[in-house]
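One chain, chain A, links the two complexes that follow: it is found with chain B in the first and with chain C in the second.
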Partner chain A sequence: MSLDIEILYPRALSDRSLSGQDASSFTELVERLQRFVRRPNPFSLDDRFATLEGLSDRLLQGEDRTYPGLAFLAAFLRSAHLKHLLQREIPNLAAIDRFVATEDRKSLFIAPRGVVTHWIAGNVPLLGMFSWALSALLGNANVLRMSSRQDPMLVQLIDQLADLSDCGQSMAERTVVVRCDRDDEAAHRSLSECADARVAWGGKEAVEAIRALPARWDCEDIVLGPRVSLAVVDPALITDKIVTRLATDIAYFDQLACSSPQCIFVKSADDASVEKFVQAFVPAFERQSRAIARHTLDFAETYQISLDRTRVLVEGGELWRDQQTQWTVAVVPELHREIVCANRFVQIVPFREFDEVCRQIPQNIQTIITLLNADDTNSFTTAAALCGVCRFPRPGEGNNFEIPWDGIALASRLTRWITRSDPPTENST
Partner chain B sequence: MREKLFDVIAELFKVEVQQLSDDTGPGDLPAWDSLGHVALMARIQERFGTHIPVEDAIEVESIADLLEILERLTGEAK
Partner chain C sequence: MFLKDTAPFSLPLAEKTAYLDAALSGLVEHHRRHCAAYARIAYDWRSSKGAHETTVNACPFLPVSLFKQYDLKSTDEETTVLNSSATTSSVASRIYADKATKKRQALSANKILADFVGQEKRDYIVFDLEETVRGGAGLGARAAAILSLAHMAREFHFVMREVGGQLVVDHDALGRAMESIGDRPFIAYGFTYILYQAHRELRQSGFDAGAAHPDSRFLHSGGWKKVLSLAVDKPTFNHEIASLWDLAPSAVIDFYGVIEQTGVPYPDCSAGFKHAPYWADVIIRKNDSLEIAEAGQTGLIQLLNCLPLSAPNHSVLTEDLGRIELDDGCSCGRRGKAFTFQGRAPRSETRGCSDVARY
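And now, the complex of A and B:
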């Protein structure tokens, strides 16, 4: 079997494409990674926390502020934040470095799972850096697969990591970045068969194709698939600042991230309350759509926006929009599932009872941003959690990558938990 | 605490302390953008020894908000 995989990192191999080579060339590369994870890590968890914080510092000092979402990544990589997130899953972080006693004669060691292959989503490639960072922090070796069209920005981040410190160099050495074509089955099969864990980011077709690839029977699958997000807002609680944060959550990543709200449900005691929200939201959304960098729409995306705008008007909805196709706000009586709701096209749906919202929550829901009073928050989130919602951040927190993500305890899934019964001590009977 | 915070902000965003007031917030200074905001939270942790959680950091609209959060987290008066 021959392979067509372009190696982007390590740099020493980046001028050596595996194009047309036997699959064993890639296997050799993977075996090198496997050797790393089978040896004790020369750097402690604290070293790795410090290194990722160093990478965050580099991002914060960087001149290039145009890449959307870098602030989210920089915030995610701060040591205090990562420790806080890991502690949600792992009560004693020392167990990541060595066996630690958990009971009188029982110890626990949380080892890396091994080689983790990440298939990076084409629409929001930065997201792959979150799963890479977490996996690398936990001591895994990582293979990052980018699509053949993706900007190699991730490679620049790994370069910066390698340049930081000996620990950074070590974490970078445990990382391989490759590029291969979407339809190259042999290449994807090789990436899959080497994995102790597979992290699949992307749309339905992409994640289903990854899951269908052959893998070892004990391979852990983490599927971060095509989820969608909503917001539920009580207009009585809005302020200009809060509405701006909500607009920012929607505008970032051009509404293509799974955490970007596609629809805002607005609690409407009367028509005036929806009107009040729309009057506040539309100018904020217009402002943030101008302020936050976006990709250039292609013909199909532009056509889709025009089609969806027409659909809203034909069916009696109300529309606010710019003269081009940069942003659209549609007020509709209920969530219109035919409308694509991407590229800064948001639906506003009035509701009176939370049951109405729960009935319209799609099966692939991820996030519902909530702006409700304490009682409403409690009653709504308790009901909506059982409809599949994974997280309920407040406005402004929508795109903050956190763990668990998509309802998955990622740190647990990227590690192996090893128990040990300890021998009796002299004082034991 | 107030004076120290003003110094930290002025130094990070390369402005004079006199340009700042309690009402100054993200977006009011050219460098206080989203990355600048994360940088400020990092600098505050370094100088005050206090980590401001993301949930709090997002709600900061002004220096006055930051002072309130710091007061709550450190137990110190402004």
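And now, the complex of A and C:
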């Protein structure tokens, strides 16, 4: 069997693509990764925390710091943040380096899962770096699969990592970045069969295709699939600052991230409260849409915005929009599911009771940004959590990558937990 | 609405613009008064653009897909509904036409096609089933296209039949048609793919029509997707059709049209361009902004015409791509813009990790 897998990292191999070569070439590369994870890691968890913090510094100082999402990645890589995330799942982080006593004559060692293959989402390559960073921090070896049209940004990040320190070099050595065509089943099969864990980022079609690939029976699947997000707001609590944060959450990533709110439910004691919110939100959304650069819409996206605006009008909704296609705010009585809320097209839906919101929460919900008082926050989030919501950040935190993500405790899934009964000590009987 | 003694493509630009501005302005008001949904769209257009007067370049447009989802009407009169061919979306557009609109549409198509094919009535060979045009209350796009040439027909000859769900040439019917036509010029029409398939079948069967009268014309419309998938480009297509009848490739005329603008076909001229008559116009709109594109730039095709009275389909934004090739001065002698059809806008690339519907 021949494979068309282009190796982008390690650099030493990148200029001799595996294209057309025997599948054993890729297998050899994977075996090298497997040898890495079977040997004790020469660097401690603290070393790896420090290395990722160093990478964060580089990202914040680098020329590419305005690259979409890079600031979020840099924030995610801070040591304090990563420690905090791991501690949510792992009570004693020392167990990642060695066996540690957990109770009388019982010890626990949290080993890397092994080789983790990450399928990077279409046009959001940076998302894969979140799962890579966590996986690498936990000591795993990683294969990152990029699509054939993605730019080599990830490779530059791994280069920077390798350049940081010996520990960075070691983490980079445990990383392989490959590129292969979407429809190359043989290539994807190879990437899947070598994996101890598969991380699938992307749309429904993509993640279903990845899950359908053959894998070892004990392979752990982490599916970070197509999700939608909303916001629930009490206009009584808005300030200019908060509304701007909410507008930023929506406008960022061109409203194409799974954490980007597509609809804002506005608590409406009366018509005036919705009006109050709209009057505050529209100028903020317009401002942030201007301030944050957006990709150039293709013809189909441009047409879709025109169509959806017209749909709103035909159905009697109210529309605020620019003269071109930069941003659109539609006030509609119910969440209109056929409208494509992307590329800065947001629906505002008034509600009186939280039940009305819960009824309209889609099955694949991820995030609901909430701006509610303490009592309302408690009652709404308790009800909405049971409708499938994974996170309830406040305005401005919508796109912060947190663990658990999509309701999945990633650190646990990317490790193997090994228990040991310890021999009796002299003092024990 | 048609100007006396004025050929469809003869008005100088300034006169055409003045005509269209006035006619479209009247139509916008008409539909605004008679269609509540359209009134909201027109209001939004005016308030967002700050445009208080309707002109060709400032006329609200409705995306064609809107007609798939909503029944938009500006009349209580009895209407016929035209259904577009359900293409990739599997949902057909529904366009309502009352008696007055249908009369305008027929006259319009007559004038446009006569400019390309001539006034004289001829035998009309239809590469389709007769049942296609007997759709009752709802007519499909194929029927609308076939009937748009009806005014030029002295006699219809349907020359296809259905076998096992497939359209095949009815050789007996074709033989009878050729016998009836003799050495006189005729017109023929078929949907692009059907016409191509029929001629491939005829060629394989050894059919020999002999030399058709050199004034005979083969017209076709509809998508090129299936034909292109067979690696057949336009010159090859024209040659395949024309050579079987010993005609010049220019005797094969592709015309572009959408069901939402029935009555205004856009045939290719001898220079390979399409032209709008004085009662219609074409605007190309840029991606990302929907602003008007300049000549030479590819964009979404907006089509306008002054015919529809029973539904607000006088100005529509299509999902098709086109390009203005000349603002005026086409070598074929027709005045005004010359444009080319560049195919359907491709589907969007998948972007982001959100669950966003793609169409």
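Observations, loosely collected:
By our rule, the second predicted complex is superposed on the first by the 428 of 429 C-alpha atoms of A that agree within 3 Å, B and C clash if a C-alpha of one lies under 4 Å from a C-alpha of the other, contacts with A are read in each partner's own complex, and residues count from 1 in each chain.
Quick note on the criterion: a residue touches a chain if its C-beta (ideal position, glycine included) is under 8 Å from a C-beta of that chain, and two chains touch if they have at least 3 such contacts.
Given the structure is predicted, the values throughout are model-derived calculations rather than measurements.
Once the two complexes are laid over each other on the shared chain, residue contacts for A:T296 go to chain C alone; chain B is not touched. In the superposition on chain A, A:V314 contacts chain C only, with no contact to chain B.
When the shared chain is aligned, chain B comes close enough to touch A:R78, but chain C does not.
When the shared chain is aligned, no partner comes close enough to touch A:R11: not chain B, not chain C. Measured by the number of chain A residues touched, the leading partner among chain B and chain C is C. Of all residues in chain C, only 37, 40-41, 44, 48-49, 61-63, 65-66, 69-70, 72, 285-291, 299-300, 317, 319, 321, 345-359 touch chain A in the complex they form. Taken together, the chain B residues at the contact with chain A in this complex read 33-35, 37-39, 41-42, 45, 51, 53-55, 57-59, 61. Residues 56-57, 59-62, 65, 70-71, 74-75, 78, 80-81, 84, 241, 245, 394, 396-397, 400, 402 of chain A are the ones touching chain B in the complex.
Only residues 121-124, 127, 201-204, 206, 224, 226-229, 253-258, 260, 262, 295-304, 306-307, 309-311, 313-314, 316, 319, 321-325, 338, 340-342, 362, 364 of chain A touch chain C when the two sit together in their complex.
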